[in-house]
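One chain, subunit A, appears in both complexes that follow, with subunit B as partner in the first and subunit C in the second.
After this line comes the complex of A and B, so read on.
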């Protein structure tokens, strides 16, 4: 018998989750306060669409600026830490330890400094997303194969050429992995800080509706955050596909071979 | 004691010796202080000749090659490439092929070959045409669009050789270029290299661990001692050219190989 492809299985699982989301509360297995039915949530989302849309705009605005800070500062400082041994030895242990701290405990300080408006969210989420971007940029630059640099020098590359044509392209895969993680953390940072102290944004809508036990509206806000994260993921994937075409070229070859190799013994085990 | 190649008056005076190393010593400053890596190396490679350097691991062969490439400065002594000192890398005088092909994985084969030309600038079309001509020379004209990981080990080294030759330097330096290849590919690549050498008239300095490879390829084999590296012997390989695989089975080949082996073994 033919096995369904992983993609088909993924879609079936997704469908099953949606069906359960509708069926479980309707059948009274869980109270609607815990999980409101999917249709009820969607209806609320639609009827309050202007509220959610304006909340989303605030959140998007904060996420955009926070990502700018996280990525800009993360890449710039990561490049210095990764490229200059003295700075690396001085800073990397400190930064790595800081990364382990739950930075959310600093959020009250951010509100004291920047108020409860968007500024404190941007600052907090920017710092939150900064660490993985910086650490992976540093790692990406530090782990460049010495041979690449030696070969470029033997071909007469100047330092700017070395940076533009060897160091940056060689570091891109690792840096992108950091941007992906940092970007996701930035979204988390914004939503969490909105939930803690604020008067607008999607996170605020979650909190405010939870306090009045309006579960459909809480879940509607959660759906919006989910969509935001999915959009981000799709965007990052598109960037990765474009910039890492050379890796994909190989992966395609490798994966079809892997699949073939993996499929061959299947009849024996089935 | 040192036999400097005696050349008749040459029409191109500056080109008589492509590579000259005069009294070169190198001291490496490591964690345990100064370590002498090379002592008093003298070496002359006439233009168009194929010289192979053999010696035990860590004897400073690679250091010597790095100096010939202008990637490292000797502590004392003089190095002339194409008649002039080489204080920094100059791909128009010296091309280098490394052990691991060190191709850039984000560039296709033809873009890798074009890389040195791209650093220098110039019309894009001309650059590409030149790179494609080099790929054709090494027998990879239909593989220009492939990325390095889509090529076999031997093909990668071919691309690497094409890259070393793309600026048409008179001297090609090769640091154990075939060491990572399997035996059959290694033999084929050696043979291919001789063909390319013959077609392009380059001066080659080639480092290897394989004595068979050394005798098969070289006009002259320089035998180096363990650290600090000195030149123990210069063995002229007077096997006729073009070389054939059959020669490896001859007594002459065996004797030359044995002579080099005795030199290396005696000093271990």
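After this line comes the complex of A and C, so read on.
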């Protein structure tokens, strides 16, 4: 028997989920309070589209600033920690220990400091994304082939030349990986913090509708969040395709340890 | 740099951090309402550790963490091995697994609340859900880390299945399995914390969320210290085991 291709099976599973989403509540297998039918959810999403759109705008605004913190600081410090042996030996174990702390417990501190507006979400999601981006950048930087630096230096390259012609091109794949990770994590961080304590944003729409037991509106907000992560993923893939030529630029044959660390799945704990 | 120098510098950084926490609010450089001095936080920490409601909350949280972990790890481990050993199933579900990592799992909390209420069962169910995917991923990685050559050599020398399992799979996978346990616990603990902070009547997560809303910052900081130390202690324990196991591997 010929087995259908994995892609076909995945599509069938997706289709089955959508059909069940409609059929199970309609047939009364689960109450509509638990799972409102898909069509009902979509109708609510469309009729309330302005509310969801303005919530999404708030979320995107917070994600943009949080990404700036997580990716900016994470990539810069990760490059220093990964690239400079002294700093690496000193800091890497400390950072990995701190990484064990569930960052979400800091969120009450941020709301006390910055209020329940966008600032606390930006601070939380920024910190939430920072550690993984930094660790991934530190690991990625170590896969750069030192032979390139040696060759450039022995041909008399100055430090600015070294940075512009060797280090930056060789670091591009690592930076891209950091952006991808940071983006996915800050979206998660913002949505989580909006769900916990806030007055706007897409996470807030999940929570406020949950407390009044308006299930279709909860699920509509969930759909928006899912679409947001899918859209981010698609955008990142498009960027990665365009930069394919750089993907393996300047890699040395890395030890399995480095490769494993660099390919760590986005550790989204929330 | 020698080991002692590294240790001394780390110690110095810790002292500077703790010193700044004490001095900056006392000197009025930072508002002590927002950052209570360390000594005040530690005094409050002593008080709350002696309080029976805090101890009860800790016991509830610990029980939730342990039960969710005990459920999530075997299930995730079995599914992970299945996906790693069966190429067809792996090809179907791997990409789905990667997608799951990029969505906030907390958006499904409302469903868990509807299905399980806001008690113990809901915390355990949500934490299991938020842990199981990383366990699947890590278990798969552990299986794949076993070198096929080793198995081939062992087989050609006539090793039995039991011997191959004991002498090759277990020692090869041990460090990565421990790593999986370590990472899974971070996810698990975060899951319990989010669920408690989101909707709960008990647990340490619920308490710190309340302290934050009522602007009781010394209590809040004390609670955060307890949780952070607990998380780091477990992490270091597993890391030291990992370091011990890596020695057999090489």
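Throughout what follows, the second predicted complex is superposed on the first by the 234 of 270 C-alpha atoms of A that agree within 3 Å, B and C clash if a C-alpha of one lies under 4 Å from a C-alpha of the other, contacts with A are read in each partner's own complex, and residues count from 1 in each chain.
Note that in this section contacts are C-beta pairs under 8 Å (C-beta built on N, C-alpha and C of every residue); 3 or more make two chains touch, one makes a residue touch a chain.
The model shown is predicted, which means the values in this text are computed figures rather than measured ones.
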Contacts of A:112 with subunit B and subunit C, given as first, second, both or neither: second
First, second, both or neither for A:229, with subunit B first and subunit C second: second
Partner chain(s) touched by A:220 [first = subunit B, second = subunit C, both, neither]: neither
Partner chain(s) touched by A:101 [first = subunit B, second = subunit C, both, neither]: second
Touching partner for A:151 - first (subunit B), second (subunit C), both, neither: first
Touching partner for A:169 - first (subunit B), second (subunit C), both, neither: first
Touching partner for A:3 - first (subunit B), second (subunit C), both, neither: second
Of subunit B and subunit C, the chain that contacts the larger number of subunit A residues: C
Which of subunit B and subunit C A:196 touches, first, second, both or neither: second
Subunit B and subunit C footprints on subunit A, overlapping residues: none
Residue numbers on subunit C that touch subunit A, as the complex places them: 1, 6, 9-10, 13, 34, 88, 91-92, 95-96, 98-99, 101-111, 113-115, 130, 134, 137, 141, 182-183, 185-187, 189-191, 193-194, 197-198, 205, 208-209, 211-213, 215, 217, 220-221, 223-224, 227-228, 231-232, 234-236, 239
Parts of subunit A lying in touch with subunit B, wherever the complex brings them together: 145, 147-148, 150-158, 161, 165-166, 169-170, 172, 246-247, 249-250, 253
Subunit A residues within the subunit C interface of the complex: 3, 6, 9-10, 13, 33-35, 86, 89-90, 94, 96-109, 111-113, 184, 187-188, 191-192, 195-197, 203, 206-207, 210, 215, 218, 221-222, 225-226, 229-230, 232-233, 260, 265-270
Contact set on subunit B toward subunit A in their complex: 69, 71, 89-91, 94, 96, 98, 100, 102, 104-108, 115-116, 118-120, 147, 149-150, 163
